[in-house]
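One chain, chain A, appears in both complexes that follow, with chain B as partner in the first and chain C in the second.
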Partner chain A sequence: MSERIAVKHTMDLAWRYASGEAMERFCADLSDRRIEALRCGGCGRRYLPPRPFCGNCRLRMTERVPVRDVGTLVAWTVVHTPILDGRTGEPRPAPYGMGLIRLDGADTTLNHYLAEADPARLRVGSRVRAVWRPALRGAMDDILHFEVLS
Partner chain B sequence: MNVDLHGSIGVAGVGQSGPSAADPRSIPEMVLDAVERALGDAVVRWVDIDAVVTASVDLFDGLTASNVAVTEVIGAVMKPETRIAADGLCAAIHAACQLRAGACRTVLVVAHGKASMAPRAAIEAWAVDPIFLQPLGVNFSTIAGLEARLLCDRDPEAVERWGHVVARRRADAAPHGVAAAVAPEDVLAAPVLASPLTQAMEAPPADAAYAVVLRADGDGLPVRWVAAGHDLEAHAPGDRPLSSRPGLRRAFDRACRSAALAPDAPFGLLEPSCRYPHEEDLLRQVLGAACKSAAISPGGGLYAGDAPCAAGLGRLVDAARRLRDEPRLGRALVHGAWGPAGQGQAVAILEAAP
Partner chain C sequence: MRRVAIIGTGQTRHARCRDDASQPELVREAAAAALADAELRPADIDAVLLSNMELFEGRAFPELWAGEGAFACGKPCMKVATGGTSGTSACIAAFHQVASGLFDTALVVGFEKHSEGHTQTGMALTDPFWDRAVASGALGNFALSISEYMTERGVTERQAALVAVKARTNAARNPHAHLKSPEVTVEEVLASRMLAHPVRLFDMCPQSDGACAMVVASEECARRACSRPAWVKATATRHEQPYLGDIDRRLCAMRTLRDASRAVYAAAGIIDPLAELDVAEIYEPVTYAELAWYEALGFCEDGGAGRLIEDGVTSMDGALPVNPSGGVLSTNPVGASGVIRVAEAALQIHGRGGARQVDGARLALATGYGVYAWADAVVLGAEP
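Moving on, here comes the complex of A and B:
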């Protein structure tokens, strides 16, 4: 049974999210292929993407530490549901690989696309490297995805 | 009002509307149905309700401050209402706090969710960080796939076991739920959602409303609310150990301390809010010996239908009914979760009256 009267409503609103100072700096650094984490002065944890506050220690973070663009695949999945890629506005064909990556020099993990979508070629613990956009522009998608090294 | 702050809280009545795949009624109609059933079950009148606590989330309802649209049907006109924008079990915890504080004698708790109104995955994607994660298309099922991968990487038999767990839950849920039973091999062979999870492993979205009447001085009632705990983990999934649930551990420990229970005190019944089978593994990790002999989701749990924001209160309704019908089960643990990768965790302990 369906509704006798169903009113369809499309919410056509746009939001403007402020990324915050730490993320602005993070993006600007990407244009130089530089990645920096913020380190907590209390627990020493190096947060990436950087954010201004350590929730565990309740401390503001200001110390920047360098992070390499290579790291370790901590977890992976292959997603079979197509999505609208928010970075391009175009549909992203499925299946595609998605990983949790701990870059060398960081303690938290980063979600990102994987170049590989074949489960037989993905392994927890694999080394991965960022694939950079040829013309960098200081934006989040300067890193296109990560490729498996071995 | 004179309320014994140290007296017990009782579950006086429960009611529900749904779950159904697509309820043709409006949200107020669904909610009214559940509330009337709960009041009838508790044998109380509208006038007996001192306060109301509701749980809902605006984006699911397509309405800003969506609780204001159900004010009449929850009997909250000219009464205090508090709205929780989290899982329905948190609304029950808030109601229990009001009773413990002596502010009220009888509180109505209501949670609703109508998944059929809009794409669930798209709405849930708004619960992750909009700067870094949303542009990547990360949503709850993607994160669940990553969690499940971590578990099955350590336990090669996990995926096959999950197939059997889901088949069991779906068979138990089929008589009253929104989805049919599925054989274990078909669970595993279903189209992939986010590997290693298949589409059949995800609890089906549903429309439902649940209502519970909690009462102070509940000693004469067949089911008592004993204790509760809740906890939040960091928002960013990448900051967390996704192969464990420390937030659930802390919530559970708080509830046990509050109830003066040892952490390995046995439960006869578990009603977890597990949308994916690996989440049951995470729950068992936390509970350990406490859940060894427990019946888990005898009615199929969320596999009967997973109504956004309402699931945890639905577990409370199911647990209270089961304890009334089978008091030999003794003690039940009810679980609610919300947010990406179960960022928010809540538990409540119920007991059948001796």
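Moving on, here comes the complex of A and C:
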């Protein structure tokens, strides 16, 4: 039987997305090292990252509340098989820690990187603090990762 | 609403790479098998539903390319794409189309060829603002939730490994399954490569090439064409908030699956699922998820899942065999995986399960799962 043919394609495309007001304000605040959550007028839940609607109450949210850059580790993992970074298309060097972090002043948790990659030094309930990029850009990754407080 | 039944199912051989077949050919392989099983001709089918994660293979309109493989030319054809639940949702959509009286027969085909695309890239193309900056993918998302689940419920790595052993052992009796390891041990699972703490290689589902199809029919057609139809007794779908971090206690609460299963139990008159169900085909992409689903599905109290797997309650000779097929842990062409759950549940009611048949199965549960954002539940029975 002859060799089967597999056709190869490579795509290099650019996309452009409108952020919406809540995300725009969130990014602008980051350049001043300020974090604010949006509080639902129905259930009172404080959402971070901010987004326009409370899914449960189906309401648009407008009330801003302050959030600290320290919080509690609600869940963690150490990733050995990295996935591609959606912004660069490159895998992040592994192993690296990831966590779900509930910042003081918010009710939802943030999915973010951890400075710690040793499972023995990570536990649910640990206190963590944001490590900021030295030159802030008003972008989502102005917080580089979170470090565990001893 | 009219009564609806599944009267035929068909699957391809599932494997890491099916270069021997193009996507339309793979779809045709499953669709033709389902029609043969139902003893119907393509002309007997009124409508076609396709399930596929189009971004995984990097092309739009998969129904356009693969539709004719599913005999869709000249018929209404609809695509369903809701992540991991795509397959179960396509089945539920077909049930609704036939139940409504719109069509008498519908053909559902789910398919995926992971080997032809970039599953990771597809997974990373979520919300472009927050999710992409801190993407952890399916694996990372599970691993995060598992640390929380283990801390709250005391589940152990060994109990999770027992789920892997059960899945791969069951798969050895399924001629279609991708990963089959009848001899695999708990020690081998615990010694396999760490992917994302505490998830090891053998804890995780594979990426498969494959397709699965089924024929859905109205009561009149089912009674005429099938000696033992698998009747659709109840269906439910639940959606959630989009961010992993929004969802209350994730694996511990699992609101979508908990609510969907309670809805189908109520509609099907099931009070004690562990005692009343004969078999379950649940969408378990990682070993720990199967344990969490036992609790969410009410097979045991919260915190009782580890004991359930240790006692063999869900093994082939237990009170409620879970995933006789080997489950998603053994075979995972994502767009097909949900269709496979429902088809395997139907196969048990049809009594055509071969070496993986649960004797006398008359009431079956199938579930679908897409991250935490979607869950489907379907109850099938030997009686309408």
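Just so we're on the same page, the second predicted complex is superposed on the first by the 137 of 150 C-alpha atoms of A that agree within 3 Å, B and C clash if a C-alpha of one lies under 4 Å from a C-alpha of the other, contacts with A are read in each partner's own complex, and residues count from 1 in each chain.
Please note the rule applied: a residue touches a chain if its C-beta (ideal position, glycine included) is under 8 Å from a C-beta of that chain, and two chains touch if they have at least 3 such contacts.
Bear in mind the structure is a predicted one, so any value in this text is a computation, not a measurement.
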Clash or fit (per the criteria above) of chain B with chain C on chain A: clash
First (chain B), second (chain C), both or neither touched by A:109: both
Partner chain in contact with A:17 - chain B first, chain C second, else both or neither: both
Partner chain(s) touched by A:8 [first = chain B, second = chain C, both, neither]: neither
Chain A positions touched by chain B in one structure and by chain C in the second: 4, 9, 11, 15, 17, 19, 23, 47, 49, 51, 55-56, 74-81, 83-87, 98-100, 108-113, 119, 124, 140-141
Contacting residues of chain A [partner chain C, same complex]: 4, 6, 9, 11, 15, 17, 19, 23, 47, 49, 51, 55-56, 74-81, 83-87, 89, 98-100, 108-113, 119, 123-124, 140-141
Residue ranges of chain A in contact with chain B within the complex: 1-4, 9, 11, 15, 17, 19-20, 23, 47-49, 51, 55-56, 74-81, 83-87, 92, 95, 98-100, 108-113, 119, 124, 140-141
Chain A-facing residues of chain C, complex: 19-20, 58, 120-121, 123-126, 128-137, 139-140, 143-148, 151, 193-199, 240-246, 250
Residue ranges of chain B in contact with chain A within the complex: 22, 24-25, 62, 121, 130-139, 141-142, 145-150, 153, 191-197, 234, 236-239, 242
